[in-house]
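Below is one structure. I have some questions about it.
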Amino acid sequence: MEPIYVPFREANSFYRNLYDLFAEWSFWGVSPIPDWLAYFLAGFLIVFTVVNTVVIVTTIGTWVERRLIGRFQSRVGPNRWGPWGLATPIADAVKLLSKEDTRPEGVDGWVFNLAPLVFIVSPLLVFAVIPFGEGTYIANLNIGILFIIAVTTAPTIAMFMAGWASGNRYSLFGAMRGVAQLVSYEVPMVLSIVGVLLLSGSLSLVDIVEAQRIPFIVLQPLGFFIFLLAISAEMNRSPFDIVEADSELVAGFHTEYSGMKWGTFQLAEFIAPFGAAAIITTLFLKGWDGPLLPSHLWFFGKVCFVWFVLLWIRATLPRLRVDQIMALAWKFLFPLGILNLFITAAQVLVWEDPTTGQLWIMAGINWAVAIACLVGVSQLMSDKLSTRAPLAPVPVKGARGLREVR
Amino acid sequence: MYGLGIAKGLSVTFRNLFRKPSTIQYPEEAVPQAPRFRGEEFAWYEERCTGCASCAKFCPLGIIKIVTHPGGIDVQEGQSYAIDVFDIDLGRCMFCGLCVEACPYDALFMGSGFERSTYRRDDLVIPIDELRQAEKHPSTWFRPQLEAKEYRPQTGQPLSWEEVGR
Amino acid sequence: MTTVLAGDVIARLVEDFIPGSVKEWNASDVWVKPESILEVCTFLKTDTALGCDYLISVSAVDYIEYFEMVYHLVSMSNNHSVVLKAKCLGREDPTVPSITSLWQGADFQEREVYDLMGVKFSGHPNLKRIMLWEGFPGHPQRKDYLEPPR
Amino acid sequence: MPIRTEPVTINLGPQHPSTHGVFRMRITFDGEIILDVEPVFGYLHRGSEKLAEERTYTQVITLTDRLDYVSSMSNNLAYVLAVEKLAGINPPERAMYIRVIVAELQRIVSHLVATGFFLNDLGALATPLMYCFREREKILDLFEMLCGARITLSYMRVGGVFQDAPPDFWHSLRDFLNYMPGYIDEYETLITGNEIMLIRTKGTGILSGETAINSSISGPILRASGVNWDLRKTDPYDVYDRVDFDVPQGTVGDNYDRYLTRVAEMRQSLRIIEQCVDQIEEGPVRAEVPALVRPPIGDAYGHVEGPKGELGFYIVSDGSIAPYRFKIRSPSLINLSALRGMLLGSKLADMIVTFGSMDINMGEVDR
């Protein structure tokens, strides 16, 4: 009887053997266990390992992040718990788990509780499609990139749920800002990804990595720049962390949370940079490919390097204002994204399957365009900066009255 | 130019990555104190103190409690009273050192401790016998004669009442 | 050096501009009738020779029989300072015209004087207590203020 | 078609990460734009003016430390100058030089704190703040060497300073003068050119010169609005007329100018300290003043150019050992009166930055 669905079609894939292993299992007298159970067990085993490795790497990541930011600020960082503070993540986890999970009154019940769960789903889902090494990935979807783009929009809803449910004005401010920012940064992100797709020709991440004879960062500098800004805006990382801007909105949408609910938010916020770094390595830095060392080490090394750059930016740069962030998205990244798209499309049209020589020409053109755009737009920005007319005070009829929106 | 300022800022923080962090691990390493440090282990020399209570009068918060009765060493010349109670309420003291400044006989000195913490408020009151038995490391605050001797209260030897006079 | 204008010089200037407003003067201060403070200050601010365009501080002193309002003014252009005083007799509710219309800086200082000393300022945009809460009984900085029994 | 919006009122409460102390603002927002600001304070009111009436002239010094708890040297200096004007005492030469050195050191400390927290309000995750505090610690060590305390110093007395500086104070001051300009350059490279900082602070929180003079603003905020008024130049006290320094000024009077003025003032303070250290000679540091000084009946107003602005003390004496009336002209309280004008129409993020750039110290506002 033909099994209903053969999940791992590739013959030699790692999961196929695992699935076969489970297929011959028999317990409680039921000789070969039903097909769907074997599939479920194999899948569960894989997903369980991947999710746990991601969470553990993130907890170690929190320790590394706090030590590194400490070093950036000429201080030492946590070093009390365990040797060099290595037990700090465990201590944090225990504290968060044992901390009282307060629920302020006037809070919209189950929306308040559901928000953290929805928030943590998306950074974890991203790892479903990412190829960690030569053949090791959970699923090689042929629409991998589309899946990632779809998944990275989930935090928008979670943010708004949290902001709205906690009934605190600062959270509502944070949630409104978060929704506006995430929605308006989807567009430049997708545009920069499309630039990469044009060159690689297929949506599946494995094919994108294989198509990169030259890492796409060299071929697509403008795309990489836009994608870096957009992805750090998606995760509310440093220059764009207006959602939980601690100097303005106390803690944004997760002000009213405490205990493990707050812990889930923080965990999601610390997983997101690893997810972003993984996407950047697969899309722009040729994923697992590299001479000598095994592919997993290359992948992990590149992810850590990109993660360090994100952290470095977080430790240094101040925050942009809400309207400046939106202006940056729509007036700066969006046109550049379209320009980058046109140029890449033209190049792909001109050279059908480009030889490495032609690839280098394309790289040269793209770099020239990128530098020209950055310098040109910066002149526009800087003289716009100096002539910024101060906002006139806003006339309002009565405090409670209607008000025309300009 | 757009981006150049940010790049320079990033280079500053990166350079700082390789500098020695300036944190001092407090319980293990102590912060070096200056000899004039106004701390809380008061050094009080009963031999020098005549019970004139000018320190109690001059303290802005009035937290020094002195009870004396005539009958000190040389009552005829009215030289000094016998002191029954001399306690300083550290719970309310702000370590301004005006009492040390007001003492005409150099009997009271600031100390250089700062780690006295207790669970009950009235344990913070230093009674007279504790002042008597305490090892006397007088701080050189407002005492130029100690400073002339290059005396280091944190590391030096305890001083007896003859050596601290003007 | 900020020269302190002599009392009689200012007194003469103010007297012939607003007759009957100056009460007395000494080496450096001028005492003025409380009701005419606003006119005197307008004169001090607008007059070109004096041109005191910078109000330093507004303070009140409680001399038991009367409250004395003290205004320190400085002219930035010709770098001289003027000290203007006014005695408001009686303790019940001394009122003095507010000078916030001339200098916006006086707003908080007058509210503080009202809050702590109890001198009312007629014409002040929102004369409310600034340091203490609304229902605080009495004005603590008066000499005869007794703490309510704990 | 008018969209029906409803203004929301937020209590930027006494307990908020960026109110630099216990300060509350009742703000009415329409979306992110501020419609109305109403500052509420008094949470830190300790009644220092009333307390001073029961303390002798020397005991009041400990009160003045706690006014602007970030610059206690300048507070002491202002008070001591007022009492000396009242009692007609002039301190010896060396004391005046030491006073100017320590007041300028305190100005650097206050400006470091102001700049550090200004960047923190901008969102720079405390990196510049940690650098500024690292330098501040070195100055506090100098103060500890000098008078035994780091924050509440009470170092000055009527008629001079209570004790001369120990010899190793001068060596470490010399080292400090050598390496500090390097650190200030480091802040400049980290912050001044930063485009995000430029976008966030240029053109926000504008305070024009006329409104500044009208609301009797003083200090770096006044000079950032282009008004050339610095007490150290217009009414020099101690030895400020013997040292030459220039007064940095801004043009537009927005947050960026205020930040630049403070950083430039730090450099000028270093210049002043260097000249004082060269010009100082040996000599007594305290005039012959009785411990319970009794100034004659009368009143006097002494002021000093503190880091936050003109800090003045109006003291009325009735001949007894305690001041009859002790009025503090606090620059932060008066600088607050311009806050409303600067914030109307700006956004929530600008409001935090503008409030940070005004460097208000609540100890001085509420007294």
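Annotations for the structure displayed:
Chains: A, B, C and D, in written order; residue numbering restarts at 1 for each.
One rule holds for everything that comes next: contacts are C-beta pairs under 8 Å (C-beta built on N, C-alpha and C of every residue); 3 or more make two chains touch, one makes a residue touch a chain.
Treat the numbers as computed from the prediction; the structure is a model and nothing was measured.
Listing every chain that touches chain A and chain C alike gives D. Averaging C-alpha coordinates per chain and comparing to chain D, the farthest chain turns out to be A.
Chain D has its Cα centroid nearest to the centroid of all protein Cα atoms in the structure.
Between the Cα centres of chain C and chain D there is a gap of 25 Å.
Averaged Cα coordinates give chain A a centre that lies 56 Å from the centre of chain B. Our note on geometry: chain B versus chain D, Cα centroid distance of 29 Å, whole angstroms. If you average the CA atoms of chain B and of chain C, the two centres end up 45 Å from each other.
Contact of a single residue of chain A with at least two other chains is seen at positions 72-75, 315-317, 378, 381-382. For chain D, the set of residues that touch two or more other chains comprises 127, 131, 134, 190, 194-198.
Pairs of chains meeting the touch criterion: A-B, A-D, B-D, C-D. Contact residues on chain C toward chain D in their complex (touch as defined above): 1-2, 53-57, 59, 61-62, 70, 72, 76, 79, 83, 103-109, 112, 116, 129-133, 140-141. Those residues of chain D whose C-beta lies close enough to touch chain A in the complex are 2-8, 10, 16-18, 28, 30, 32-33, 35-36, 119-127, 130-131, 134, 190, 194-200, 202-204, 206, 254, 344-350, 352.
Across the interface of their complex, chain B is touched by residues 68, 70-76, 79, 312-313, 315-317, 374-375, 377-378, 381-382 of chain A.
Chain B makes touch with chain A in their complex at residues 1-3, 6, 9-10, 12-14, 16-17, 19, 21-23, 25. Across the complex, chain D is touched by residues 2-6, 8-9, 11-13, 16, 22, 33-38, 58, 60, 94-98, 101-102, 110, 139, 141-142, 144, 147 of chain B.
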